[in-house]
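In C-alpha cells below, several structures.
Presented sequentially are two complexes of subunit A, the first with subunit B as partner and the second with subunit C.
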Partner chain A sequence: MSYKNQQTLGVGAFLFVVFILIPWLIHVSGRWDFYYTLTSVALLSIASGGVWLTFYIGRINIGQGAFALAGGYVSAILVVKYGVSFWLTIPLAGLFCAVAAVLIGLPILRLRGVYFAMITLVLTEVARLTALALPITNGARGISSIPLPGELSIFGLTIIPDFSTIENVKLAFYYVAAVLMVASFAALYRIVNSRIGHLCRSLQQNEELASSIGVNTAYLRVIAYAISSFMGGISGAIFVAISRSIYPASFPVKDSIDFMLNCFLGGLGYVFGPMLGTLVIYFGWDVLFTTGKYQLLIYSSVLILLMLFLPNGILSLRLPGRKGVRK
Partner chain B sequence: MSPILQIKGVTKKFGGLTANNNISFDVNEGEILSVIGPNGAGKSTLFKMISSFMPTTSGEVLFSGERVSNLSPHVVAQKGIVRTFQETTIFKSMTVRDNVIVSHHLRSKANLFGYFLGTAKAKSDEQEFGRSADDIVEFLGLGDIRDELASNLPQGHLRALGIAIGLATNPKILLLDEPFAGMNHDETMRTVELVRGVRDRGVTVLLVEHDMPAVMNISDRIVVINFGEKIAEGTPSEIQENEKVIEAYLGSEDDAIGI
Partner chain C sequence: MEQVLANGAYLGAQYALIALGLTLIFALMNVLNFAHGQMYVIGGFVTYTVYAQIGLPFVVGLAASAVTLAIVGALIEKFLFRPVIKKSVREESTMLLAAGIAFFLDAIILLVFGEKQRGVPKIINGVFNYNDFTMVMPYDKILVGFLAIASIIIFILYMQYSKTGRAMRALAQDKVAAQLMGVDVDKYSMIGFALGAMLAGVVGGLLVTVTGINLGMGGPTSIKAFMMVMIGGAGVISGAIAGGFILGMMEAVGLSVLAAYGDITYLAIFVSLMVFLAIRPQGLMGKPWG
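And now, the complex of A and B:
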C-alpha cells in the first residue's frame, strides 16, 4: 500500500472514530460524562497545537493560558454585553489573541531559550491579574450565566440550531469541539508540510543562518506566534461557552504548563503529537485519581520517566527512524 | 571594471576597543578578493558589518552605489550579499538536499499564504527549487550524499554544503568566512577549485582566510588588515613583497605568507 493510501486510510479511520464510533459507544454505554471529558481533550489539544507551533520555530511557550483566558473573555463579553452571536465570537476571540500576540511577540520573540519561556510564563499571570483589575471583565466575580450558543445561519439557511432547543447539548458541544480540532490540525499539518514548515524548521535549527539566506526571521516568528495564539483564543472561547462562566482563574499557570507538557509528551517532531499528548495526560490524570493522595507523585514520576526515555514523545515509538529520530 | 562593492571608511568600536579603524577598499565585479590578517585583526568583524549582522560605528558599505550597512541581514541578503559562517553553520537536522532547498527562499515567487494554499506559483516554486538544489548539490560534489542528514557529514563536505547554501540564494556577492579552516592540503585544493567554480558562475567572492598558500593561489587581489587597520592592498605578488605585511607577520613563521 502506498504512503498516500495509508495516509488517506488513517485520516478516514480517525474521522470515523471521532465522529461516529465515539458517540455510538457513549450512546450504547450510557457514559454521558465522557462527552465532557472528550470535548475538553479536543479543546485543550487545539490550544496545545498552538503551543506546538511555537516549539516548531524553536521557542518554548508556557503562556498559552493567557491567550485561552483572553479568548474566553472576548467571547463572554461580546455575547453577554453586546449580544453578538457566539459563533461570530469564536473567530473574533481568535483574531483578538492573534493581534495581541503580534504586539506582545514583536518585543519578546527576540529572546530565546529559557528567557522567552520565563516571559511567557509570566504572561499567564499577567493575564489573570489584568482580568482581575479591569472593569469590563467584572473582576474576581467574573462573568457567569452566559447564555447557550444561539442559532448559526447563513443566508437564512440554518447550519447550527439554537443550542437551547437541542436535547443533547453535550453531544452538540462535542461535535463543535471535534470539528474545530480536526480543522485546526488539518491547518497545522498543511503548514508543516508546506514550504512554511520547512522555513520554520530552518528557524528552529539556526536563526542566524536563516536570516543570512534571506528569511525575515522576525516576521516568520511573529506569524507563527499569532497563529499559535489564535488557536489558544478559539479554544478558550468554546470552553467558556461550555462552562457558561469565566473567572480570572479559569486558565491558571498550571494550564499553560499542561499545554506545553502535552506537546512534549506527544512528540515535538509530529504534528499530531499534541493531540495524543493531551489525550494521554488528561485520561492519565483521571485514571490516577483512584490512587488518592499519591496521584500527583505518580503522575509527576511517570512524566519524568517518559521525558527521560522518550525524549521525542510517544509518537516516536510508532515511527522509528523518521525525521532523524534514530538512524 | 567598476566596483560592485565599496567599503568606505568603515569603523567599529566596542567600548574603548577599536576593532576596525577607517577601512576602505573596493571589490570589483567577478573577482575573488581575500581579506587576510593575523588573529584578532578584525576580519570577521568587517565581514559582519558588510553583511549587516553588526552595525558600523561610522563609515558605510555601498553595493552598486546603494548603502547596505546598518540594515537587517535578510534585507542585505535580498539585495544579493550573502554570508557563510566561520563555524560550520548549517541546518543540522535536515538532509543535505533540504538544506539547499530551503535556502532558495529568496527566489520564492509565492508568499507564505500561497504556500499554505498550495497555489500554482507555490507548486512551481517547489519544483524549481528541487531542480536547482539537485544542480547545486551536484556542482559541489555532494550528489552521493544528498539524502544524508547534515549533522552526519564530515568537515570537508560541511564546508561545501555551506557554500551550496550560499549559492542557493543566488547571490551577487558571496562572503566566505574561513572556507579552508581545518582542512588538509588536498581538501583545501579541492575547495579552492570549488570557489573558483562559484566565481565562474558569475558570483563575486569575498573571503576571509588564514591559509596563506590557498589565499595566494586563489585570490585576484588581497587586502591585509592588522590591528583593525588596512595596511596593504594588491595582487598576491605585490602583497608577498610588501614590507608592512612581512612585518605584521614577523613573529609568526615566515612561510605563513609563502615567502
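And now, the complex of A and C:
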C-alpha cells in the first residue's frame, strides 16, 4: 500500500472513530458524562494546536490562556449585550484575538527563547487582570447565564438547529467541537505542508540564516502568532458557550502551562502531537481525580518522570526523527 | 510622596532578592525556574512552623528556611535538572521539567502545610512615624527591608570575592572557557541552584512576618520575578537588583496614583514593559538574546 493510501485510510479511520464510533460507544455504555470530557479535549486541543504552531517557528508560547480568555469574553459580551448570533461570534472572537496578537506580537516576537516564554506567561496574568479591571467584562462577577447557541440558517435553510430545542445538547456540542477540531488540524496540516510551513521550519532552525536568504522573518512570525491566537480565541468562545459562564479566572496560568505541556507531551515534531498530548493529559488528570488530595502529587510526579525518561515527547517513541518527519 | 518612596524601597528590596535567585539559576544553567515562587512559599511555611508553632526565635526560623531550601534546591538540581539537561535535545525540555516541579512542590505544600493562610506574630511592635505622619512605616517592615538589603549585599560580596562566587561568575560568562580553566561545572551548578533556592527561601521567611503566607502565592510570585528579570536582563546580577527595585517602585507609585481608576497597576506596568522591550529586548543590562 502506498504512503498516500495509508494516509487516506488513517484519516478515514480517525473520522470514523470521532464521529461514529465514539457517539455509538457512549450511547451503548450510557456514559453521557464522557461527552463533556471529550468536548473539552477537542477544544483544548484546538488551543494547543495554536501553541504548537508557535513552537513551530521556534518560540515557546505560554500565553494561550490569555487569548482563550479574550475569545471567551468577546463571544460572551457579543451574545449577551448585543444579541449577536453565537455562530457569528466564533469567527469574530478568533479575529479579535488575531488582531490583538498582531499588536502584541509586533514588539514581543522580537524576543527569543526564555524571554519570549516569560513575557507570554506574564501576558496570561495580565489578561486576567484586564478582565477584572474593565467595566465591560463585569469584573470578578464575570458573565453568567449565557443563552444556548441559537439557530444558524442561510437563505432560510437551517444548517444548525436552535440548541434549546435539541434534546441532547451534550451530543450537539460534541459534534461542534469535533468538527472544529478536525477543521483546525486539517488547516494546521495544510499550513505546515505549504510554502509558509517550510519557511516557518527555516525560522525554527536558524532565524538569521533564514532572513539572510530573503525570508521575511518578522512578517512570518506575526502571521504564525496570529493564527495561533485565532485558534485560542475560537476554542475559548465555544468553551464559554458550553459552560454558559465566564470569569476572569476561567483560564488561569495553569491552563496556559497545560497548553504548552500538551504540545510537549505529544511531541513537537508532529502536527497531531497536541491532540494526543491533550487527550493523555486531560484523561490522566480526570482519572487521578479518584485519588483525591494526592491528585496533583501523582500528576506532577508522572510529568517529572516522563521528562526524565522521555524528554522528547510521547511520539518520539514511535518516530525516529524529530523534525520534519513527514515527507 | 515619602510614603510611596518608602513603600517602593521596601517592596523593591524583597523583589530584588527573589529576582537574584532566579537570575542566578538562569545564568548558570540556562534554566527558567518556574518553581521559584513555590520555593518562596516553602520558605515562608518553614519559618512559620519553626517560629510560630515550635516557638523558637525568628532568626532560627529564617536559618531553617535557608537551609531547607538550599537542600531542596541541591537535590532538584542533582537528580532532576542535571539528567534532563544531559539527555534532552532541546532546551525547552527543562522548562517542562520546571513546570512539573512547580506543580510537585505545590502538591507537597498542600499535603504538608495545608491550604490555609498562615501568619506569624509580629517580630517587633510599633510604628515609625516620620515628620508628623507624612511617612508611616511599621518597625517590622523596616527591619525586614534592612535584612533583605543586608542579604543582597552579602550575596554580592560572596559572588565578587569568594572562590565559589568567582567560579560561578566564570561559568555564567562562558561555560566552555570556565571548564577549560578547571571549573567543575556539575559542582558549581549544584551550588548555584542551591544558592538561588536559598534566596527564595530567605525572602519567604522574611515576608511571612509581614504578609503571611498561603499556597496560592507561588505562581504570582514567579510571574513577578519573571517581570523583574525581563526588566533588568536575564542572567545579570545587577540587572536583577535594578529590576526588583524598579518593579517595587512602579508598584508602589501605581498603587497610589492609579488607585482612582481601579486595580489597573499591573496592567499599566505590563504595557510599559512591552513598550520598553520593543525598544530594548534584552532588558536594561542583559546580553542580547540572553
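Points worth noting:
The criterion applied here is as follows: the second predicted complex is superposed on the first by the 320 of 327 C-alpha atoms of A that agree within 3 Å, B and C clash if a C-alpha of one lies under 4 Å from a C-alpha of the other, contacts with A are read in each partner's own complex, and residues count from 1 in each chain.
Basically, contacts are C-beta pairs under 8 Å (C-beta built on N, C-alpha and C of every residue); 3 or more make two chains touch, one makes a residue touch a chain.
Please read these numbers as outputs of a predicted model, since none were measured by experiment.
Of the two partner chains placed around the shared chain by superposition, subunit C is the only one that A:Val122 touches, whereas subunit B remains out of contact.
Judged by the touch definition given at the top, the superposed model places A:Leu209 against subunit B, while subunit C stays out of reach. Contacts of A:Gly113 after superposition: subunit C is touched, whereas subunit B is not reached. A count of residues in subunit A touched by subunit B and by subunit C gives the higher number to C.
If you check the complex, the residues on subunit C that touch subunit A are 26, 30, 32, 34, 80, 83-84, 87-93, 95-97, 99-101, 103-104, 106-108, 110-111, 219-220, 223, 226-227, 229-230, 234, 262-264, 266-267, 270, 273-275, 277-278, 281-282, 289-290.
Every residue of subunit A that touches subunit B in the complex is listed here, in rising order: 187, 190-191, 194-196, 198-199, 201-202, 205-206, 208-209, 211-217, 220, 223, 323-324, 327. Residues 55, 60, 104, 106-108, 110-115, 117-119, 121-123, 125-126, 129-130, 132-133, 253-254, 257, 260-261, 264, 268, 293-294, 296-297, 299-301, 303-304, 307-308, 311-312, 322 of subunit A are the ones touching subunit C in the complex.
In the complex of the two chains, the subunit B residues touching subunit A come out as 51, 53, 72-74, 77-78, 82-85, 89-94, 98, 101-103, 105-106, 108, 112, 115-116, 118, 122, 125-126, 149, 151-152, 165, 168-169.
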